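Next, two complexes with chain A in common: one pairs it with chain B, the other with chain C.
Entry: the complex of A and B
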């Protein structure tokens, strides 16, 4: 097991102590980071002791050590997955060549841009979620939120390490700029749209971790294939942490559904559209859940960018960013002459059209992502089906409510019909959370801080974290 | 066929939003609404269709909304100002279309710079390539300081071509960027943002997003005029024209194409009546001879450029009452300073400039039915060669307008350019002002090339046109372009004479347009295979 050196100021497994230039850069950046965390991290919980998972090694055994930690004292640092000296580039024009340990000069700008965009999303979600602690439905959920937050913080470290170690002065400037942008800030917004949206309530948080963090998983997995080995190793380790975030989302929504179903059953309500009565009982009706799902799925799809992308094509051809599970795909990994079917608008209808595979890598990654999302939805639907209540959650069509790419601002309904005589806003508005929905959800957001207690709108987890019972004190609030 | 006529009700990509003394030109490109096939206009990138609308909007701002003193040029898209000319379009276009497209965009940018209103580019996202060149054509560039808005000219790095819509020239000649910094900037894929963009004079103002509205308010307010604004403007109605296989008929001119010889004979009608006052001229609006004829000629030139590539020679004639035409020009001179008259002449100036830049041989023919006065006389001086029938009749008259109203791209009148290096010959023309000239007098003063008599006339013209058609069109284009602009250089002549000429060469080289060249491979993920020899 490759251990992480926790004795130095910045825990790492990259022999930081012997790299004076990098050490100086990171140590200069460190206070700025803490300053950012104190300004933008979880609001009001700096003194609480949180039962957090910390990595002590990058192997499966070492990455999950639980203990009480005050968040500002969390041991962020730089952890790379174990390297393989025999590793070779797995795709693109350099396929078969040994992976790069230094940045190839001609790809410097492209690689830096990839890192900056990825890096920018990490602190963004912490910023988006900083007020959620005040309305946590349980200490268990509060702890999960904080776990997600500190790990996003560490993912920022991961990108900053790469920028500072491999990109000279430009890299240091970019690392600094990552601390200066702010989610939703008019003057210094985060780079991608979804990371400037509010995460105003816990339902949105669960949707975010299920849908938006899953985009992160797909982007990171594609980067984990990189021929630039330090990037591949960094992102591979990030992915182990990211998996937990998606667990928080999927189980969170699952528990919301469980609470709704159980409450409906107990009150003898069979009709899922009997919204007023369901809401009176203090649980979230399924149609509202569907509207939240519609919103978060569609804005997360936008993160994949336009279907056709020269940047994505170049990044693949250069060997910098592969496809999801590139190493498991059985084609030539070069894609010259290959095609991939992409949904396009054609004569008022949506049709699948074969296009050069290299240029539509974004569409392919997005499709992989959408399938993964569909599997999660299937699991939720199983629970609904079992309850006997006639309702199924569905993912809206890829063209619904899009702001980026082929379908941007097109009046496409969730079923994928192009509604020609109506505007984008008219089509989307009835399928997205409305002001009444948001007001209702907001009214449910009352903190529950007693160990073992859960807000009425969410069920207790079947299994809590680290084999602890549900009434474990996951967060010591006034330590 | 490419139709250059449009109006704001039909725009797909631009919105012209009018305020009291300020306007906004908002670029929100409809990706799917392309003038060609096989590409999408992502990232607010443009093709000819987008630029036709911009050119139309610029004309309307001058003629229909002269009260506008400030125009904000901004994007309707989030985080993108404009990504420049669409690469898919360039990769798929014929060489001829590429060059014509570039020329038209360059003309449009220069017309923007020549407009009386103050243009402010509001860059709230990435302005890349032609997108930054659009901003460079504005009088003022405002860049939002949000860490991601940037300006760049990545053509060399990404596409193996030049920032050809004036980008290189405007950096050095307009914004006075040092050449070493320009070199660095133009090899930088991702461009420059924030304080450095301001320090290097790539932009004029750097502003946080929250301060943008206030800054724009200040900039607009400082340009408000307190004296009565010019106007009211006139309505620009759609230009009527009738196309058949070989003719194009407008209200004031007609073109007949002789496809065998690659000649289009353009006959322009002179004015038939005199406006009683400038107010009447204004009331005539776009129906006045001054404005209608210029618009029609402009439309014809663009039509020929884009749709009639093999018609290599323009043979220009005029028909009408020479004395009346001369009187018309006298009135224009008398009323100069009146808004509508100045704008009408400026419209002619732009149209004549477009003729100078048209890569066709220009021949003109003068006889007793001709009325080459004022702007029409400029057609003679714009010609590569002119023929005046020597039968004692008059057809040409000089007017003060010819000395001052229609500067070429080099900043000089066509007469001054014609007699470059011979100021005495220019001065010798002064006594001739307002005197109707016959072939002899015109020849004597160097105003025309040849003066065949009635016996030789038809043969001489035929030989000239036939002979022209036998030469290499490329050689002719290059020769004419070089001969037309004698004398000093201006930013505009550099843009067309050097930058565009180099670009046209680059557009023929395999490194840009070969099967493994950058334009073909851009966006495909395949890397470019450069031929390594330096030429």
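Entry: the complex of A and C
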């Protein structure tokens, strides 16, 4: 086997070069990883030079280095945010004790499970987005896609590092298994539903990065509170990268909206429901955007799991996974006797019911998430409002189109009305993208590869990346 | 930091571009960033323009700056949907070149963001050597120029440029790339003012001099990386240089120009270069040189001996010593205040240029003195900047 100079190939701040055991484990895992990347990573762009951001250190200056890199040569790294020797566990039964640098024996299984579930989502999205390069609306967007992809790859590394470093043989087996599951594969699917959905087109990709990757942000932030310090520090650094994914989603959809509004204005169309005419102009009508939004929001909500969960309660009580921004919350951080209002179906209506806070942590995290999504939608609406066109995007109700938890398969419409006498499918179908929508969006998916040009359905970015102008050659296709 | 008078380069966040991801707030080492449900904003009273938040921001929203006389308050910013229209007082376009050097210079010039070069200054060369192709200089000499007993360890370094063309003007700086160490993950770059004039420390020898202060503590209990590397070099060692940098902090070559120079510590480096240029090339010019030089004691004042030997008809030197036993406490602003009438009078002439270089902290007190003695100082400051007559470089 070819020996790798791990310190230069794999930038890290975990003294990889001097940890023989870890190095051996990684050396065994790395070829499989590359193999996975070659099979399942972005299809057809292995030779292109992409203007990527690479982290080479965790200090503010070291973590955003821009340069042209071929994706297979991307320097996957292992980074832990700077540690604090005084840090103490911030919640649960061990509150106030020093954080753990090694895995506490009694929590070993639970912690491993948390890592595996998190780790499994990272390669999954790469798999889902594999074919999107062929239809990118611009080189700028192509670069953003690839940046998201390599960072997901790096996040997989981060989780694999934790598994291999702290979980011995079990960890190595789990790390191996992460390379063998495949998004959407019936025999060996990814662990969470949303990660087995297709990402068939760029609109879906932007929705995915806005909604589904944001779930990642909430999960990572809750893990960044962990009493297991290596996990807390790893996820804290991942969050800085995850922010870029959110940016791709929010600005991507924002730019779709801008293109639609500008085109409608230019053609003198005021009615957002004049769908046929709008579509003829080659831009995406707002009602279709709303249906895509409905789909991706509801699917992403499922990632938070059932409202009540003893797993979540145990992870919290054990000090392994906190709430979002746990350190900024002012309560006892143990939730003794505390309650939290959860939406429940009761007698044909949806009501908020106070329940023991410890058992409904998933609902709380999901509410924080939904609130964050709502703020993003608010900003899109500002642009629509300014154009004078009468339309506002809205998040559907938490109960709409759910497959997990309290509202699973319940006929609830986007406004939150429980609709009687109709099946789940009938209620939802008119509010989700239909075959015509998908075919139309698909027809727009033509690649635009000239620097500075953008597909008609999406506006140029207001600010490109790294202060580069919009006509910068973000990807050199035939390097 | 904000100052009460003059121009401020205010750090803002573009609400149209920001996605409210909290990364900047998480990154800022001194808690200058805060937010409400609508916006992320920078507190002008806290932000030190360190630039730490710029790289991690995924959107570029954080890299927004406005030149203002009164900073936009936090409350105002929290309510914004757009950045305010800029009033035309926007930062001049910056030349291409090393991003990090540019960022360092921007911070160093933050006190005088709209400065232009003096009218008669020679046009500088910029970015002759880049990070990808630095030039290698050889150490010809390295001497301590503060008293060995004093706490302040400042070195005079002479570097031979061999056969490389590396043209420098007085007031420009060079970038030094110290060798990477295991705990720095990327090559570090630091800027140093060149303390020799354009024809070199020794004319005809293609060399230059630097004045480097050893940083004992970088704030994290470790010795400063580049300054210790430089101070420890011995004759024959090689150094990687990039640059030159800086296209505004330059001297006028019109022999009639007056130079008022205010400095502390290694801030004297560019003034040594300018003074030496005058001595060599404009010896009989009518222009006056007036230097305010602050240090704690004589023994901590770089180049004390050579400075005292300069002909008083060439340069008028005001030493301002703050910890000399037998003398009253005197900082540069005190010296300046004592000679305010003269300085004001001089500044009334178009031929007078005012330079400030050294620690950031002195900027505000110097401004305060100027504001006391010059009516309508804020407006005058803008005018002086535009005329290429006011230059601030602090670090």
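Keep this in mind: the second predicted complex is superposed on the first by the 470 of 479 C-alpha atoms of A that agree within 3 Å, B and C clash if a C-alpha of one lies under 4 Å from a C-alpha of the other, contacts with A are read in each partner's own complex, and residues count from 1 in each chain.
Here, a residue touches a chain if its C-beta (ideal position, glycine included) is under 8 Å from a C-beta of that chain, and two chains touch if they have at least 3 such contacts.
Note that the coordinates shown come from a computational prediction; the quantities given were computed from them, not determined experimentally.
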**OP:** Could you tell me whether chain B and chain C fit or clash when both sit on chain A in the superposition?
**Re:** fit
Original post:
Looking at the overlay, does A:11 come into contact with chain B only (first), chain C only (second), both, or neither?
Top reply: second
Original post:
In the superposed arrangement, which partner chain does A:247 touch: chain B (first), chain C (second), both, or neither?
Top reply: second
Original post:
Touching A:57 in the superposition: chain B (first), chain C (second), both, neither?
Top reply: second
Original post:
So, does A:88 touch the first partner chain B, the second partner chain C, both, or neither?
Top reply: neither
**OP:** State whether A:317 touches chain B only (first), chain C only (second), both chains, or neither.
**Re:** first
Original post:
Thinking of the overlay built on chain A, is A:109 touched by chain B (first), by chain C (second), by both, or by neither?
Top reply: first
Original post:
Taking the superposition as given, does A:189 touch the first partner, chain B, the second, chain C, both, or neither?
Top reply: first
Subject >> Angular separation of chain B and chain C about chain A, which is computed from CA centres of the superposed model and rounded to the nearest 10 ° >> reply: 150
Original post:
What is the minimum C-alpha distance, in Å, between chain B and chain C after the two complexes are superposed on chain A?
Top reply: 30
Original post:
Which residues form the common part of the chain A surface touched by chain B and by chain C?
Top reply: none
Subject >> chain A residues touching chain B - in the complex, by the definition given at the top >> reply: 92-93, 109-110, 112-113, 177, 180-181, 186-189, 191, 193, 306, 308-310, 312-314, 316-318, 335-336, 345, 356, 358-359, 361, 403, 408
Subject >> Complex contact set, residues of chain B against chain A >> reply: 31-32, 40, 42, 78, 87, 145-148, 188-190, 208-210, 522-527
Subject >> Interfacial residue positions of chain A with respect to chain C in the complex >> reply: 11, 13, 56-57, 59-65, 217, 239-240, 243-244, 246-247, 250-251, 375-376, 382, 462-467
Original post:
Can you list the chain C residues touching chain A in their complex?
Top reply: 14, 16-17, 19-23, 26-27, 37, 51-61, 63, 81, 100, 184-186
